[in-house]
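Next up: some structures, all given as structure tokens.
In the two complexes that follow, chain A is the common piece, with chain B as its partner first and chain C second.
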Partner chain A sequence: MTATAPILEVDDVSKNFEASRGLLGMPLLSRKREVVRAVSEVSLSLGQSEVLALVGESGCGKSTLGRVIAGLIRPTSGELRFAGISHTVLSAAERRDWARNVQMIFQNPYASLNARQTIREIIEEPLRVHRIVPKSDIAARADELLDQVGLDPSFGKRQPHQLSGGQCQRVGIARALTVVPRVLVCDEPVSALDVSIQAQVLNLFADLREELTIAYLFISHDLGVVERLSDRVAVMYLGRIVETATRDDLFSSPKHPYTQTLLDAVPKIGRSRAHSVKVSGERPSPLDPPSGCHFHPRCPHATDRCRVEIPHLKAVGSNQFAACHLYE
Partner chain B sequence: MQDLSPIAATHREPLLKVRGLSTHFTTVSGTVQAVDGVDFEIGHGEVVGLVGESGSGKTMVGFSILGLIDPPGRIAAGKVVFEGNDLVGLPERELRGLRGRRISMVFQDPLTTLSPTMRIGRQMTNVIAAHQAMPMADARQHCRDLLGKLGIPSPDERMHAYPHQLSGGMRQRVCIAMAMLNRPSLIIADEPTTALDVTTQAQILGEVRKLREETGTSFIWVTHDLAVVSELADRLLVMYAGQIVEQGSVETILNRPLHPYTKGLLDSIPTNNPDAKRLPQIPGSAPPPGIGIEGCKFRPRCGFATDTCLDKPDLKILEGTRAVRCFHPQYDVEHPLTEAMS
Partner chain C sequence: MGKLSAFTDSKLVLLAIGLLGITILAALFAPWIAPQDPYDLAQLYILDARLPPLTRNADGTLFLLGTDDQGRDVFSAVLYGLRISLGVAFVATAIAVVLGTSIGLLSAYAGGRTDAVLMRIVDMQLSFPAVLIALMLVALLGTGIEKVTIAIVAVQWARYARTVRGAAMVEREREYVEAAQCLAYSPSRVMFRHILPNCMAPLSILATVEVASAISIEATLSFLGVGLPITQPSLGLLIANGYPFMLSGNYWLSIYPGLVLIAVIIAINIVGDRLREVLNPRSER
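Entry: the complex of A and B
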């Protein structure tokens, strides 16, 4: 962890969505207008050049939080600070500034590229929009970026459909790097890729981190990937952060019962085939989260207190925080 | 558990014997060999993991066994001998009698398997009614029991639910229950837990393990995830570009991979190398189906390739079920034979 001031701070951020009564998404058929608290009072900080992993299962709000941080959607409440400067409601111009500092890499490498543009056009556009380099240098800079992500500049002439998933993801990374961002929000950037390609892209992330002063918010459900890449980990469950810790602490001594469950559920090569599953029950609907601690219906240690009182993050180690009534 | 297989007497014969299976697709730009000469056997009660990356042909092997290949695809060559009968070229009517009764399949996406307009109970009893005469009350009871065994809480209520009212994990449990309803001797499961959360996946794997001990059903578990099959399967088949490149027991393959591809695949799993600064990576990417590669199909990405590899390697049987398709198998001298995996 870096000792310097954090580059990015998330302070008490919440994001609510109103569930519409559409035909799709059937829990939404109820008559009341319902509110999904996708992200609920989350505070995080990201150090310069730090890799913070945000882990959790589908529907826990990790992608929503990522999109809030990347400035793609507005938080319902709370504050974002970049290098100490607050950005609560972003105007169009501020939004552009934010984008110069915080960029996002998406899960689906094909869907995040314009299918009608060539790779060169995709990369040159932000260079022009943000006036990163003089016009005469745009082409050279694009070549340099392609080279940096391990693609031959000849790829510039191609279109996304002519590239493999791994190559498209490299283009997505090159496009994010055009503005020389200080923070990259990576939303499941390797989960759509095959294992052998995944390793290549993970190595690219590690290389870029050495070459550039860049911090990652790495959103993933894959704990193996997270263990490999991150300095610190934040675990999310139903919109709330339930534990944050350094990577080593989290993987060697997870404190929150949910973190323990999650680590236990990851299939591991070489583990006995008779391994018994400890986790019980299902993740509740975010539309109707349980009272008190959201995890209490599945938690083996739940007490009456957990059913009524929301636990807050408390220090449970030198750099480890858990939101659990067990640790008081 | 009594053996309901009609050929219980010939137990020494494997349940399924696939020989020289080739499935081709005719496209405008030529013939794509999605499955290219695949041989393997599945024993009674055995769980075999069929592992490969996208485009390796693993799904097509499953589809070919069940005769689910539609034009422009066709089984160009080979035999699929199941319980003593060759399924290739069997009339559709007979295949239908087999599917869902002797061999069933579980697909990756339960929402495309289940009908959105029918309650779970009706869909399930239909599966029974398609193959055997059973009083409705008994059929429903059988469905309820199976849902319960797969860890579905209050199965009675779920029988009245529509698929959209269930979570992804519950839907996949329903699909697995449906596949087991007629006590098939073989279930082909195609990435059944890939779309699920890890905690749900762990639960389902546990339930499948229990059920298979109870019923003795054989499984072909098709997946890209070596960690998942390592917790479930007895034996592994590793596929690359339409061919099986390595096979053997889970323990031997995971501890002593011989094919450079298998080795590369295992090395590139992040948790296998937590300390290495960079992950060992396989260069390049898998050839798109339809691209002809002379000799060994892994040659362009292989660090050990020589001129010998311009010839086609055969799947060489080394001992027992262990086989590798490589001229330069990577016998590891540093890591002696590891027996300790149990």
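Entry: the complex of A and C
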């Protein structure tokens, strides 16, 4: 897919959540157990310094996948590999290694900072815990990191509630950078910010990518943001990847009907509605997903085969893959 | 600073804090303030027995709050009793806070079966009246300062566990906890350095009010004669000792320790209520 060997690979990862739990956490006395397949059989790879955008509507499992990759949630099945090394079940020591390589930026800039710590404490804590730099250099390194994300070191004395949303997000980025990660999982990092601040933070992401060898998994529902920042895009629908392509291919010739619907939903001046697809109906509940292709109840091209057989990702272009029976 | 000024802009609260400050200082410096060491039997003179307040004995010594049936100065006894009552209450509260907070945090953080089992124990504990549990424990363990302290801890830890668990359950879902986990901090660091500091508001309110409750439990046990031994008279025991003389008109033996006890408990509750108002982000300041 990319010229360099992938730094992060996600191989056939699924994550199920159980929706109800009985007395004392035992299945005894519980009602019908309901399983939500938040992520099912997802395979992805992320090249060095590549920006892979993960798009999809809310509830499609993109945040869950991000948390699995960040090591916050254990996958129900499947495997994660970092630089070729498998981390099927993470032990405590492996968790620390994983954390030093894969970090996460969160959606809510205020909630992602501990309100009882100063900015300096927030930045210095990972340096101390992971022994990134010698004790004597910790303060200097923290200043350097603040500077790198565009904050004056004098911010160190402040507490999160004294900062704006954009500044808090910068602190969150600096905290993630303390451990010098190779992969940054960004879960809707700008969606809670004002539009003018969004642009500044996106510029910061772009700058950091040039300064550091760092790859992003950029989770977003905002296609404008995705188009601006990403190299490659993966589209998710109800827990499955339905299409992956380079940014240019995806935005110029989306193949999967769902991707076409998504792009069509973005109001843009001067864009022809060539791929216009009318979508009907509500998004199905992930508790009870449709059979076959999850998109078939809303798809204008659905056939009997779509109702029965699950489509798998197949090459539909040089760097484009779609999970749709239309392309066979 | 905003919180501090909000705290002190009520005259009643200032009065309560002043009263508490005086009683705590009086308890701490009792040996220097008290005219007499009430434990030193050599200093007692039986002919001074049951003198009413503000009378002098034959030597001209003034007894501010009168004397008891042994000729002991009630004012000195109240000071020393305060020392024991407050001491037991603060130590018991401190132990209960540490124990209850740890269990509450563990319960919230571990979740699942650990949480379910711990919280059912808490439910069981809280479904019995506090004094009843304390009475049963003291009956089993025997009397003495450390046994009364254990009884108070046993009664109170469950409240801290429940309160901290509730607050921690809310905090645990916040993104800063995920961020801490993402940085592979140890569970104890996440619990004590990140979640706990964000649960301090409800915890400090509860701890303040529970000091008052600990004082009253100790006083109740001592009054009932199962608390502290007669050689270590707390306020509750002083009330109990004076009780037989109430109907013979020697009211000062019980009334003065009782008034001090009530004043301390009310003052702590006023401070606790104010703390609740100041620390609650939803209440208007």
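Criterion: the second predicted complex is superposed on the first by the 306 of 328 C-alpha atoms of A that agree within 3 Å, B and C clash if a C-alpha of one lies under 4 Å from a C-alpha of the other, contacts with A are read in each partner's own complex, and residues count from 1 in each chain.
One rule holds in what follows: contacts are C-beta pairs under 8 Å (C-beta built on N, C-alpha and C of every residue); 3 or more make two chains touch, one makes a residue touch a chain.
Note that the structure is a prediction, hence the values are computed from the model and not measured.
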item: Which superposed partner A:Ser164 touches (first chain B, second chain C, both, neither); value: first
item: Which superposed partner A:Ala206 touches (first chain B, second chain C, both, neither); value: first
item: Comparison of chain B and chain C by chain A residues contacted; value: B
item: Touched partner set for A:Ala38, first chain B, second chain C, both or neither; value: neither
item: Which superposed partner A:Ile69 touches (first chain B, second chain C, both, neither); value: neither
item: First (chain B), second (chain C), both or neither touched by A:Arg95; value: second
item: First (chain B), second (chain C), both or neither touched by A:Asp264; value: first
item: Touched partner set for A:Leu46, first chain B, second chain C, both or neither; value: neither
item: Contacts of A:Gln107 with chain B and chain C, given as first, second, both or neither; value: second
item: Chain B/chain C common contact set on chain A; value: 26
item: In the complex with chain A, residue positions of chain B that touch it; value: 53-54, 164-165, 167, 169-170, 197-203, 205-206, 209, 224-228, 230-232, 254, 264-274, 277-283, 285-286, 341-342
item: Interfacial residue positions of chain C with respect to chain A in the complex; value: 112-113, 116-117, 174-176, 178-185, 189, 193-194, 197-198, 200
item: Parts of chain A lying in touch with chain C, wherever the complex brings them together; value: 23-26, 67, 70-72, 95-96, 98-100, 103-104, 106-108, 111-117, 125-126, 129-130, 172, 175, 179
item: Touching residues on chain A, where the partner in the complex is chain B; value: 26, 57-58, 164, 166-167, 194-200, 202-203, 206, 221-225, 227-229, 261-262, 264-273, 275-277, 279-280, 282-283
